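As written, the chain order gives the labels A, B, C and D, with residue 1 at the start of each chain.
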Amino acid sequence: MTDFDGADVLQQYIDKCSNWGRWGDEDELGTLNHVGPEQVRHAASLVEHGLRVSVSLPYDQRGPQTGTLRANPRNVMTATGADHVAGAQEILPAGFGPAKGYGRSDDILIVPNQAGTQWDSLSHIFWKGKMYNGRSAALVSSAGAARNGIEKFAGQLVLRGVLLDVARHHGVASLEPGYAITVDDLEATAAAQGVEVRKGDCLLIRTGFLEVRRTAWGDYAGGAAPGLSLHTAPWLHERSVAAVASDTWGVEVRPNEIDCFQPFHVVALVHMGLAIGEIFDFAELAEACARVSRYEFLFAAPALPITGASGCPVAGVAIL
Amino acid sequence: MTDFDGADVLQQYIDKCSNWGRWGDEDELGTLNHVGPEQVRHAASLVEHGLRVSVSLPYDQRGPQTGTLRANPRNVMTATGADHVAGAQEILPAGFGPAKGYGRSDDILIVPNQAGTQWDSLSHIFWKGKMYNGRSAALVSSAGAARNGIEKFAGQLVLRGVLLDVARHHGVASLEPGYAITVDDLEATAAAQGVEVRKGDCLLIRTGFLEVRRTAWGDYAGGAAPGLSLHTAPWLHERSVAAVASDTWGVEVRPNEIDCFQPFHVVALVHMGLAIGEIFDFAELAEACARVSRYEFLFAAPALPITGASGCPVAGVAIL
Amino acid sequence: MTDFDGADVLQQYIDKCSNWGRWGDEDELGTLNHVGPEQVRHAASLVEHGLRVSVSLPYDQRGPQTGTLRANPRNVMTATGADHVAGAQEILPAGFGPAKGYGRSDDILIVPNQAGTQWDSLSHIFWKGKMYNGRSAALVSSAGAARNGIEKFAGQLVLRGVLLDVARHHGVASLEPGYAITVDDLEATAAAQGVEVRKGDCLLIRTGFLEVRRTAWGDYAGGAAPGLSLHTAPWLHERSVAAVASDTWGVEVRPNEIDCFQPFHVVALVHMGLAIGEIFDFAELAEACARVSRYEFLFAAPALPITGASGCPVAGVAIL
Amino acid sequence: MTDFDGADVLQQYIDKCSNWGRWGDEDELGTLNHVGPEQVRHAASLVEHGLRVSVSLPYDQRGPQTGTLRANPRNVMTATGADHVAGAQEILPAGFGPAKGYGRSDDILIVPNQAGTQWDSLSHIFWKGKMYNGRSAALVSSAGAARNGIEKFAGQLVLRGVLLDVARHHGVASLEPGYAITVDDLEATAAAQGVEVRKGDCLLIRTGFLEVRRTAWGDYAGGAAPGLSLHTAPWLHERSVAAVASDTWGVEVRPNEIDCFQPFHVVALVHMGLAIGEIFDFAELAEACARVSRYEFLFAAPALPITGASGCPVAGVAIL
């Protein structure tokens, strides 16, 4: 496998980190297997202040997408209060409607699953015809993912969260586009924050990039961005991390460090089966953690069980 | 107000239970105000077994909708593994694509917000031109809800959950369509289960109806159904319940008990500002609670912050 | 090729009728090549009465689809007059909006291309990995049809139309489900109507089935239906017919006559490259033709150039 | 009515040109009433060369929309040839599918009705709470237009077309943004082309603007543009023109000539009931007309009958 620059290191990480077969041939959870009852109990025990903080970007037309690859979420109204007030709403059973007082709104959401704050499913990325656990990519057809769809994460992703505020540790509003977060960065940030990474954790990696681009996204979706170095993959593997979420479009640094598109995903998502979250909004959480000097918490960001989907929008809440 | 049969009792409950102004003119949270740090800490302390149970129905074409009022969720693929395998996927930067190993799937979800497991927003129902906290229904236009939209619930709905398994208490697979769950039912079920209802709780009312209709929905969406009696509204108000979720299309009994369409919603959603959840799937949770003889737990069902929406799909997880 | 009952006759028709290569390797028009300037001029010369008749079913939620395979068209409003009247419409440049008089409506159509009156593209059906003109089916990926998409029909489908009112000829409101229209039926109907089939024609085959199912569709979409016999394919081929449109879901008789799904499509669409139209509404046209005793006319049913699509909604008008 | 600069001239044109009531209180056709059997017969008689030219822009993601007001058309595949080739397509009755040879593609179009080549309906614009024929704007609710919807144009818009190639007459590739086309321009262009405007015509006004922006749309959708002067409205009214289509986003010149948003629409669409077409692509037609020295033809651009819609995509064909 020498067909591109960096192919050898990629293959080395794949060989080292692959979890294919580790939890059986039928496994569709990947690293979420690291979260057992003990981890859940511990995560719940971290709630001290009773403080809840949302980490999801609102789903609307002001999101980061440009329409080239994906469009921003569009919520279209099929019944409105303006109709009700204008006497223009259809009549319900027993004559209910504007004349007799009752009105309602209703709507349809049209959302690329990966347009905003999101989890990737284990069917999202393929490498040489395969997806997580060695399954054929052909199992993901126009009818959806027959295996590894995001619905397999139902009931998961309530776990210990650890915010690694790399931007704050570096003393910047945002890491620069192209900045590759290293193992040293992660360890130094954790140490400075007085928190340790444990088996079954969800690491919330804050680059600050979403915050500085929020009102003028530019090429946020797909362009140069700070993010995890490919070379952090073995470290995440060794520590049995369950999930990684970040505040960028693609979690990993862009441009990519080797001559391969999104190589971290190839190692981590395809071979480790790592749950990867993107476009999370850590602004409020970073403030809260700094205020209470606490970077570990219960993290509830359950996956929406959309059958066969490549990912899902997610309502994430850190509970401190 | 004597324009329909039951108008007087409806008005009496409105007068008794209204929370308009209670938390200030700017309030958009309603009864979720009952959940403070103390309630959150207590909820987290309920996690004993480290057991997580999903209460969300999968979002797909096999859902309960008939297309008349709402369609079932539709996830459409915009990139597939079959494309990758067939060598038909577009080429990415540096020539990545089928030839060099990298492939991906992507998709768009088209989902009526209230098609499946869902939270109603406080902009979902109007009464005589007004919505919760006395706001004009005209604030909900084709552009969405300028006030009371579901995004105002961001970071909420992680709280104490109490399953009231009324079906099991009655010894039936499902309560009958048309059966109105009374205050006596709720109190007897709670007593039998050894659990008490507290301020800031989310009550999960199991009728069993979703389970018996799951493979043949019939008129599940909008037809006759068991559900809460209108007359439970004051009881919920007095106990400072924060949210109610059930396994039916509309939470309240159908046909309605008075000559008004969905009168419980008029009192509870419009006037109390009660968070109402519908089409939850309690099959697995009911088994788990019975197994561990425990009907209280941490309930994480955070609302997806869809700006201006009348409701949202929800990934709900009970953590016992 | 003996893998199903009828495989031999299917192959015989394919061999006899295939137009692959007939108009060059680059051809994407198929039998529409039969319509040249002479045919167009002649078609225009048929206009005598100046009478225009629509043959398209309205696109809305009352259509024939059940949601299982396809949903009915859904038009969702993104700006309304009710908003305007309620003073709830956003303000335009120079303060225009409700206060200064100007208002507007706007909307988004969500339509399965083959949900209602429609043309099939030559990328709609595959046989043994190939589509019209011998192209690989893999050219039709999630990104759409790279070849043979419906946009290749742009500017086409203005041609001579001939209504063959088989139902009226048989003296019935509708042919029965399962009734296979034969060459004899087509010839006898044409003779009785005093019209002849010519090169470059679009044949409008009326079974009456849409009209008797219009208010109670039942299994109209995909169930048993009257329609063209597979054995009419060579007759259409010999006469150089350009297009066939009918008032059923699939043009051809259902259940199919041989043990193959939609064998007429396999011969006619895949191999002849015949333009096939479905779910046309001939009720008004049948009345008009009978009234003026004329079954030939200018038929304008141009294809909507949706890039890469498998078909398109169509506004069809017969001009007598 | 003196609430903005130009209000008096606007009101004067409204008074002069209004067709409200002219064709009866129930009329929903507006100026299309000018097209009777005589006009249709004459239009058909104009076909000399048997030449057909499409004037519709392809519907796809490369269109002129930016997503701010409207998105470009999106066609999403629900079944593909890649699935078929990869053996990943669902099995049909009698085991048909990849193994036995049969495959299919299918798709869903998501299209803002006014995203590309389009007709406005007479419910698209309101003035002071009213739409064409004096109807209340409140008739256009979230459920669609109860009156004046685009489906009322079914079977219409097959008529005499006259290309007024103003750009060519001025000897430019495109008129400049902000250039207001006057009555003199229209008359001089018609004279130079040797064509006269008649009752019941559809005027195709070519500015050239679409052609110069085609590969770099910029602010084509809503920005400065050449177009009809407000002051052409009476001229169109006096000549009983049935429809006007142009190659810009909004037909009328932008910025607007008086201090009112889209005043030509207020006079022509709301009060005359004029059929207005936008984003037509006249590149090929302009060449064809110049080549054969003929600017009148049969124009077939029938409206797609989308029930209650504010407009529709359109497949337009000029037949010379």
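Criterion: contacts are C-beta pairs under 8 Å (C-beta built on N, C-alpha and C of every residue); 3 or more make two chains touch, one makes a residue touch a chain.
What you see is a predicted model, and the numbers here were worked out from it, not measured in a lab.
Novice: Per the definition at the top, count C-beta pairs in contact and tell me whether B-D or B-C has more.
Specialist: B-C
Novice: Residue numbers at the subunit C-subunit D interface: does the shared fraction exceed half, giving same, or fall under half, giving different?
Specialist: Same-residue interface.
Novice: Let me have the rounded angstrom distance from the C-alpha centre of subunit B over to the C-alpha centre of subunit C, please.
Specialist: About 43 Å separates the centre of subunit B from that of subunit C.
Novice: Taking each chain's centre as the mean position of its Cα atoms, how many Å separate subunit C from subunit D?
Specialist: 24
Novice: Subunit A: which residues touch two or more other chains?
Specialist: 74, 77-83, 85-86, 88, 108, 110, 138-139, 141-143
Novice: Could you please specify the touching residues of subunit D with respect to subunit B in the complex?
Specialist: Against subunit B, subunit D makes touches at 74, 76-78, 80-83, 85-86, 88, 108, 110, 142.
Novice: Please name which positions on subunit C make contact with subunit D in the complex.
Specialist: Per the stated touch rule, the residues are 3-4, 36-41, 44-45, 47-54, 56-60, 62, 70, 73, 75, 77-82, 84-85, 92-94, 96, 100-114, 123-129, 131, 136-145, 151, 154-156, 158, 259-262, 266, 298, 300-317, 319.
Novice: Sort out for me which residues of subunit C touch subunit B in the complex.
Specialist: 61, 66-68, 71-72, 74, 77-80, 83, 86-90, 110, 138-139, 141-143
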